[in-house]
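Okay, so chain A shows up in both of these, paired with chain B first and chain C after.
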Partner chain A sequence: MTPPSETAAAEIEVEADFEELAEKKPWYIRTIEMARQQPLAASGFVIIIIMLLMAIFADLLTFFPSEDNDLEYMLAEPGTIHSDLELTFLLGADQFGRDLLTRIVYGARTALFVGFTCAIIGSTLGLILGVASAYFGGWFDLVVQRVVDVVMAFPLIILALAVVATLGPGTQNVIIAITIPFIPQCARVVRSNALAIREIPYVDAARALGFSNARIIMRHMVPNVMAPYLIMLTSFLGQAILLEASLSYLGMGVQEPTPAWGLMLQGGAEEFAESAPWVAIWPGVAISLAVFAFNLFGDGVRDTLDPKLRSR
Partner chain B sequence: MASLLEIDKLKTQFFTTAGVVKAVDGVSYTVDEGETVAVVGESGCGKSVTAMSILRLIPWPPGKITDGEIRFAGKDLLALSEEEMRNVRGKDISMIFQEPMTSLNPVLSIGMQLTETMLAHTDISEEDAHNRAVELLGMVGISEPERRLVQYPHHLSGGMRQRVMIAMALSCEPKLIIADEPTTALDVTIQAQILELMKNLTRDLGVALIIITHNLGVVARYADRVNVMYAGKIIESGTAADIYYRPHHPYTLALLKSVPRMDQQRQAKLDPVEGQPPDLTMLDEGCAFRPRCRFATTECAEGLPSLETVEGGHATACFNKDQVAATMKEAS
Partner chain C sequence: MSKYILKRLLMLIPTLIGAAIFVFFLLRLVPGDVCELRLAGTGLYADPAEIALCQKNLGLDQPLIVQFFDFLWGYVVFDLGDSMWTGFPVVHEIGLRFELSLQVAIMATAVAVIIAIPLGVISAVKQDTWIDYVVRTFSIAGIAMPSFWLGILIILGLLISTQHFFGEPWMPPIDYVPIWEDPMRNLSQLIWPAVATGYRYSAVATRMTRSALLEVLREDYVRTARAKGLIEKIIINRHALKNSLLPVVTIIAIEFAFLMGGLVVTEQVFNLNGLGKLFVESVGAQDFNMTQQLVMLVVVIFVFTNLFVDVLYAWLDPRIRYS
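Moving on to the complex of A and B:
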């Protein structure tokens, strides 16, 4: 018989160099290829990037003060020129004379901050809870899943409202209020995936190697449920932005004078819908665009990570 | 001298809605240091459950070790805390699984998986662990070990993965390796290589090996001693020669007859074991093999034959063992 080492070497020859092939394409070509395959997701991604840049460089992009009232220019029409600052209100001004464009740019900060914080914290806690629930099984799984059932029985906005009503309004509390309903949603989806992973022998193999439960969960199971996790995360981003806007619109979220899109809608929609429609239209456009972009991106992520759902 | 591993009247049961499954029902055997012991039997006879019981990896619910003792190097494994047990797993006793394709984590590189075990169980530095991983891969016959370490399981073929599994099993210098059907999922050509490798490595390193298999060819060539299991019990045990040339249990005899042989005519018909293995929830007080046994007498329905010594280390659990032995002699 041939010594093992020689035959093993022969085995390798055949399957060599796959990695090198994959590595030959530079990153920008691969990016373009990705964008071709997922044009909608790519456009969503572009909008997200623009919003991110807006949020990060808000100070450099705008020239009006974002929070100071200027009663002289109350409800100024788009195109009005501010005589002292010698600046144009490109999108008009709101009922306190604040430039709408400036507030929308700063509003991106609030929206994205709340959106990302809630989505990341919510889905990560859900991830750990879901995997632990699937891994331990038994009564732990039972208790966790019944709690999840209870929380999921409430519509998202109702639950968020209940949390804000308990804690009081404010950015921090809005984040908590939006994060809490996300946890069980993610936990449920991740658990179903983790249940399948749990039955694959490498989890038993890890246990046979004497690893602790925490290690098996974090190192061996969590990386294998990254796909549903990322899908949930991206879908939460849009939802969180919409939820924050809704809460702010209802007066339960971010408080004046912090610029937030929902808050801007609230101030403008009811009273000035006819006399100064721009006050409500532009924040509305910003919200729609943001949610739309995140949803497109989220769909793209799902299609890429979960081939079973791919329609083509 | 005390054995490395002593299993004494082990009972593992699964409490299901359909009843209590006595998967392992009073199994006793020993493994000496450096010895290779085979556990043979058909699917569902409790051989894997016995192995999982040794490492206390039976999932509860529904499974539970209800009775018996497992002593490893003087320690009572069933009395250890979960924490202490974790230090035994992977370090003192390691396991090689049936499915090399799924026993490695697809998202971690070979190197990470190899070094993780060492880092978890010993005070080795990362650099030393890396060097040891290279050395281990070389030992199990993988070329370019440095390059392999950064690759992922999907880069490797089944045989290569099983080699990696063996390297992982050896990484903490265990005293005992349990191989649960290590070659079942592999190509026939690779099977022999893997077995040869395991045999050589365990012999060189003085590691005891339990091979769980249903392949009698494996048993004949690689095992020092053989335990044949049926319906959760050991029904015959002895050296490979005892089992092959002097079987005293009708089940062992039937197993041997059901294997194709090179020295027979090509037209010769195989003689399979008729019937199905028994439902482990509904065993009566008689011998479990009785319904499929051509030697069965009324005595077999009344009581359970116990494992009795035939000669030396050869023992069998059958009332009619002399007839069985006589049949074997006639045949050969």
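Moving on to the complex of A and C:
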């Protein structure tokens, strides 16, 4: 038995530890510190937040109808005032007389929805497939890896186009077409990380304790491959937005009248390029800015999570 | 080494067969086919007997499994069949456009290499100075900017600047002439798409050059070179750059393979009659044979480039030995 005084001292020490933990700096200071360490990633994050807010509050931020044609104001110049609505076309109007700014704000909804859905579903399915492939090994691994080989032999856009050709255009099908090529990419990266983890004795220990395969995969292996998973996920975000814009530009993605940035460039942006350059410029700026922000953020996530790449 | 290449070649066979199965059945999931589209595509009434005859002529009435083995057999006897839409042999249709796509891909690669390697080197040598930040922003922007939009901007810029300086707008020519017939006309058409795609491509390569060079510059042999008093220029050009270019070569080769089939969107912007446009057209026309042959062509280019890169790697860097 330890003397009571010693126990008390230990208790006080433990309490002090807790206090120290509780006294952790408030969240905003920690945020500022992180932003200092990763200024580029932080600025990307800020742009993403602004775009998210734009997408969520699109109805409150814009006053023009987003999908109704108004041929009277076809290709109206920036600054033109709509006489009935008493509103100004800040960035001008497109070839159907719709306010560009309104459609860009609503377009953020489409882009971010497609981007997040594809990236999250694609990388999560890839995570499960990759870990399972590494954990089970044997013929399961072999079959999965050959399928991954096949899918990865297709350039991204070709595969997405082939899937869209099968399913037909439309937002939902675009999401499927973009997600499918992401799955094997993530699975391959996660698998190589998971292979190393499988060799660590604690996985054997878990198996010896009689845990089910599903439990070992979900509770013991998946948490340890979170870094490559998050790196892949963030890198998919920008790619998905770019792919959606490309597919929509080809007329095989999101369909009119839904506002989507790539689609806005398709509708004759080149045809009117000379007389109404704003139609061709602003949606492209929106795409570039979104992808730029996600790439900056993704780079930051990679630098933080992958110590090998740090300070490069 | 030859054993390794042979092994890799053998491993390509299941991948290629898998790709063939994948694309073949994916296309057949689409309701309707080229016959229905051609005869009743515009919403007109079409005689079912006529559709049936057309399907019979194209072999679309055969069971899927028979059609699939016909498709595979075509590779054995080197007969890729005809386009179901135009009726011309696939080889002929691809041959018409291959040259254009190849030329744009080569030119884009040249643009990318010319921009990427100097920029990447400067950025690494001047790490964390304003030059580095400018180069990094330039390259991140290149990755973010869709190349089809850059294409639109280039056209726009050409129209406006020629209008401004010469009094009348000028557009790049639309019809393709081979470079040996009329080099000026050929280049004035293809330089723009090459720049539009080359910028994105160079951005990827710049980043790779920078990070690879930074890594090599931290190695012991570079420190030794510095310690024995070599001037920085020689250290970089003769010692560091050679080793750091390995991953850059990989990126360049893989992007090149991608460009051969992946110019889909850029060709659309510049109205170029290349492989990418043919692909979009045959997908739209449900021309199964043309589409699957094009996909297989791209896949073959892709997997062989990957193999080529791995072999090149061993040749460039004698430390790498494949067993």
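Criterion: the second predicted complex is superposed on the first by the 287 of 312 C-alpha atoms of A that agree within 3 Å, B and C clash if a C-alpha of one lies under 4 Å from a C-alpha of the other, contacts with A are read in each partner's own complex, and residues count from 1 in each chain.
Here, contacts are C-beta pairs under 8 Å (C-beta built on N, C-alpha and C of every residue); 3 or more make two chains touch, one makes a residue touch a chain.
Keep in mind that this is a model prediction, so the values were computed, not measured.
Trainee: What's your read, chain B or chain C touching more residues of chain A?
Mentor: C
Trainee: Taking the superposition as given, does A:26 touch the first partner, chain B, the second, chain C, both, or neither?
Mentor: Neither partner.
Trainee: What is the contact status of A:208 with respect to chain B (first) and chain C (second): first, second, both, or neither?
Mentor: A:208 sits against chain B, while chain C stays out of touch.
Trainee: Under the contact definition given at the top, report the residues of chain A touching chain B in one complex and chain C in the other.
Mentor: No residue of chain A touches both chain B and chain C.
Trainee: Would you pull the chain C residues touching chain A in the complex into a rising list?
Mentor: 14-16, 18-19, 22-23, 26-27, 29-30, 140-141, 143-146, 148-149, 152-153, 155-156, 159-160, 163, 169, 211, 214-215, 257-258, 261-262, 264-265, 268-269, 279-280, 283-284, 286, 291, 295, 298-299, 302-303
Trainee: Spell out the part of chain A that touches chain B in their complex, as residue ranges.
Mentor: 1, 3-5, 7-9, 11-12, 15, 18-19, 137-138, 200-202, 204-212, 215, 219-220, 223-224, 226
Trainee: For chain B, which residues count as touching chain A in their complex?
Mentor: Answer in residue numbers: 55, 57, 59, 61, 85-91, 94-95, 97-99, 102-108, 116-117, 120-121, 140-144, 151, 155-157, 159-160, 163, 165, 168, 192-193, 196-197.
Trainee: Flag every residue of chain A that touches chain C in the complex, lowest number first.
Mentor: Going by the criterion above, the answer is residues 146-147, 149-151, 153-158, 161-163, 165-166, 238, 242, 245-246, 249-250, 252, 262, 265, 269-270, 273-274, 277, 280-281, 283-284, 287-292, 295-296, 299, 309, 312.
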